[in-house]
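Chain IDs A, B, C, D, E, F, G, H, I and J follow the sequence of writing; residue 1 opens each chain.
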Amino acid sequence: MADIKILETFPNPAPARDYVIEHTHHEFTSVCPITGHPDFADITVRYVADKICVELKSLKLYFHAYRNEGIFFEAVTNRICDDLGKVLNPRSLMVISEWKARGGFTSRITAEWKRKRKS
Amino acid sequence: MADIKILETFPNPAPARDYVIEHTHHEFTSVCPITGHPDFADITVRYVADKICVELKSLKLYFHAYRNEGIFFEAVTNRICDDLGKVLNPRSLMVISEWKARGGFTSRITAEWKRKRKS
Amino acid sequence: MADIKILETFPNPAPARDYVIEHTHHEFTSVCPITGHPDFADITVRYVADKICVELKSLKLYFHAYRNEGIFFEAVTNRICDDLGKVLNPRSLMVISEWKARGGFTSRITAEWKRKRKS
Amino acid sequence: MADIKILETFPNPAPARDYVIEHTHHEFTSVCPITGHPDFADITVRYVADKICVELKSLKLYFHAYRNEGIFFEAVTNRICDDLGKVLNPRSLMVISEWKARGGFTSRITAEWKRKRKS
Amino acid sequence: MADIKILETFPNPAPARDYVIEHTHHEFTSVCPITGHPDFADITVRYVADKICVELKSLKLYFHAYRNEGIFFEAVTNRICDDLGKVLNPRSLMVISEWKARGGFTSRITAEWKRKRKS
Amino acid sequence: MADIKILETFPNPAPARDYVIEHTHHEFTSVCPITGHPDFADITVRYVADKICVELKSLKLYFHAYRNEGIFFEAVTNRICDDLGKVLNPRSLMVISEWKARGGFTSRITAEWKRKRKS
Amino acid sequence: MADIKILETFPNPAPARDYVIEHTHHEFTSVCPITGHPDFADITVRYVADKICVELKSLKLYFHAYRNEGIFFEAVTNRICDDLGKVLNPRSLMVISEWKARGGFTSRITAEWKRKRKS
Amino acid sequence: MADIKILETFPNPAPARDYVIEHTHHEFTSVCPITGHPDFADITVRYVADKICVELKSLKLYFHAYRNEGIFFEAVTNRICDDLGKVLNPRSLMVISEWKARGGFTSRITAEWKRKRKS
Amino acid sequence: MADIKILETFPNPAPARDYVIEHTHHEFTSVCPITGHPDFADITVRYVADKICVELKSLKLYFHAYRNEGIFFEAVTNRICDDLGKVLNPRSLMVISEWKARGGFTSRITAEWKRKRKS
Amino acid sequence: MADIKILETFPNPAPARDYVIEHTHHEFTSVCPITGHPDFADITVRYVADKICVELKSLKLYFHAYRNEGIFFEAVTNRICDDLGKVLNPRSLMVISEWKARGGFTSRITAEWKRKRKS
């Protein structure tokens, strides 16, 4: 089970600057919840860190944890977006999933995380 | 006959977020209404769901139903746009058809669906 | 001689919507008016139709009619733009010509047609 | 020596329209002023003509004249921009030089010419 | 050790114009500070020079000096950005690092340098 | 129904020479006999003509006739090979079908026709 | 567990001809037996059928069965080759596995099956 | 009319060596003898010169002379082969024509010229 | 220092079959022995194992050990070939190094290892 | 003037093995002896060294020396082949020149050097 506890972080080395970090995982695979057939995607995480950055190896293990989970394209993209938002509380965050050919289709889902304003 | 009754839907798993869903069908084929020759296209459906999403397998069957229909590039693109707008009532929707070489030409038609404002 | 009488039209199937039609001809050829050597280009016609659309086969024949005409890159692009504007009276129109290698150069000319406002 | 007297012009065939002319020379070569080694670039000239256009063959000869000149990337791009601005007095003008690999680097210089306003 | 003293400069040949200089180094390599494994990147430096430009060969030597340094993706990108900002004091500056495949991931870090306003 | 009577021929213009003719059809489509789903392929016909050549437009119509036929990859490739062998009686003939992605697979079938020796 | 009982066959539709069938699976994934990390490959099966052909959907399911198996590149390629040889007893057979990037490496293993001669 | 008198030659600069000369013309165009529509091809001439080589500019003019000639793919390839064989009497010669998309087809014709043995 | 003691092996899982193993390392780097500048290459090792195979992670570490060694293209290719031949004593072995751009050149060195015949 | 005295050599580091060395220069330029226009080519030198190898930097300088020489494609390829054969006396040698677009043509010349047998 993909669990946000897998995700590790390290302090942002340049917190005074708004700069963009983008990691693309080219080996994401999960399972169709209806047919049980495997799905394959490239997942891109693009964010501006605030206090912490996500550690790359832990992000890989977090993605590997979806390997045998049955979940729809739309749902998994939003869940990754929610999980990373919760762990990193970044200045901004976008998650893009690009799904390989299935039944003559390719698909792309793009979700953006909105930081809650301090009141 | 391509009929919107073929299209099935499922509840949007993240209705609180405006996120973009994009499906590209690489195997669309219909027939020229004048010459009877086959036409081939990639059809992209890009939308922000409101309450429901289109189910991918039913979208494939809906597209397959055009296989032997005689219809112009401009007309079929607008019809797909109208059909998906009616079924999904999405927050926004765009349909793009990219037609393979015919007589030395490639063509692309881009139609956008406008949601009716509640009065 | 390329003559706008070659161009045929059909009624816009979706006049209520502003949608974009783009045809790219990959086999345009004319002749250099100075050297007599052949020139080759891809010509893209991108427009938003108003009442009528251009029929694709007649557009091909209109382009074929330039085969042995001596005319400069800049002039032919503007002439096609004027001709299609006159015949279609579209909501908007752009013509792009991309010329193959000649003397180590490639060239691209981009012309936009402006609709006359009704007074 | 590259001299603007090499450049020839012809009257703009469509002066009533603001349209974009873009010529890319794929065979530009000059010499490094320090090491004497050859440099290679693609040079793009993009402009909106006013009264005159640059004749393509003369532009080629103008570029050939840099073949054995020792000049830095930054300097040659600005000089071409100045020369073409002076000869054409165009509505707008941009020159882009893209330099092939040298010591593991590729480089791109982009300069824009500003027309002097009539007072 | 990568040291800004390695960087050499020359006077901007066209200081009256805001033009863009972009150098991409395709052979950057450093070392992962945790595993000791080599990392590889393309590093792009894009800036508008003020009084001085960076000399290309010295920039290469500055990048070579990272060859055996253990440093994270995020840290090295920000450090290069700081170093070049300090040496060049340019009108604007952006540094982009694009990292080759590591554990199924590619990464891209984009940092922008802000000139201090004169008070 | 695909019928060899659709195929038309013309006399080989150079019967004294063994030369190779190769036609690739990029728009072949038939139907899976089990699921009824459409299949798409590029079909290449490579042959050395003896007395006659196949006329290209009739070959297109012959391929179009498979549009709604349910037939396996292996069977259709061999049937095209048999049909063209019978009609052309060429000096040699090879048929290659390359099938687009289906369930994560691409496939290629290569069949060669052997001329019967005169006894 | 990948089991040859998953594999289904159908009669060769053209047993009188030696023709080549090639299926490439682009979504093969197994697990490294040492690190537990996923591996990804394209697997090509190229064979000349004798009495029977392998059914494509069953071949997909057979490949899916490796999804969570820990097995080396060299071992899995030879095992697929042995399994298909046993089930199909083809006139000839070759299996090629092409492994995606792992630690800066790509790999390719090519195994050929030899039919036992009847004595 | 394409006439072999257009072709000019120059003495082979290295007659003692059998070396291969290959010229590919990317801008060949002729006309379909049935429909009158233009055809486009890349034509490659590959030969081992004996006493003379073909001059490149004259070869271009010879190819240009086909611009408005109605002739089939198979016939024009053989005719070019015969013409060049007659003019050059080379040690060996091959002509390959590769035709752009027409009705969903691409085609390639390959003809080899055989030198007559001295008796 | 690159030392063959770094290389680890495991038993060939299919010693009864002559099959081909090919590993390509895309991140090889060494240093020019004259200028001290870094060189970059793809190194391919292609072999038919006899009793043992090379373990992939140890091969990576063996290649990493060249990172700061000054050695010519020709010498390093032959040394890798000798080292792997000595460690694996394979049925056959080929090493190919493909060097990235240096001074406008790319280079490729191909060395084959010959097994000593038992006498 | 290109002179073989520019070429420097070093001892073959593995004379006991027949291995292939291939250098491709991507920045060759000379001048057309008739029109004076520049020509551009990729030149590949592929050889099996005997006692000596050609030093890469001197080979670059030797190629640079053709920059302003007027010489035909066929002649320069054979001259390079002769020069390198004379200097290296290799076990085998091939020179391939691939010329960029000129008048719609690309060209390739391939010359092989034959070692004189000792009598």
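Definition applied: a contact is a pair of C-beta atoms (placed from the backbone, for glycine too) under 8 Å apart; a residue touches a chain by one contact, two chains touch by 3 or more.
Chain labels with UniProt names: A, B, C, D, E, F, G, H, I, J = NADPH-dependent 7-cyano-7-deazaguanine reductase.
For clarity, every value in this text was computed on a predicted model and none was experimentally measured.
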Far-end chain from subunit F, centres as C-alpha averages: E
Chain whose average C-alpha position is farthest from subunit I's own: C
Separation of mean Cα positions, subunit F and subunit A [Å, integer]: 47
Euclidean distance of C-alpha centroids - subunit F vs subunit I, Å: 45
Whole-Å gap between the CA centroids of subunit C and subunit G: 52
Subunit F and subunit H, separation of their C-alpha mean positions in angstrom: 28
Subunit H: positions in contact with at least two other chains: 26-27, 100-101, 104
Of subunit C, residues touching subunit D in the complex: 72-75, 77-78, 81, 101-112, 114
Residues of subunit J touching subunit D in the complex: 26-27, 29, 37-38, 40, 64, 67-68, 100
Residues on subunit I engaged by subunit G in the complex (per definition of touch): 10, 12-14, 17-27, 49, 53, 56-57, 59-60
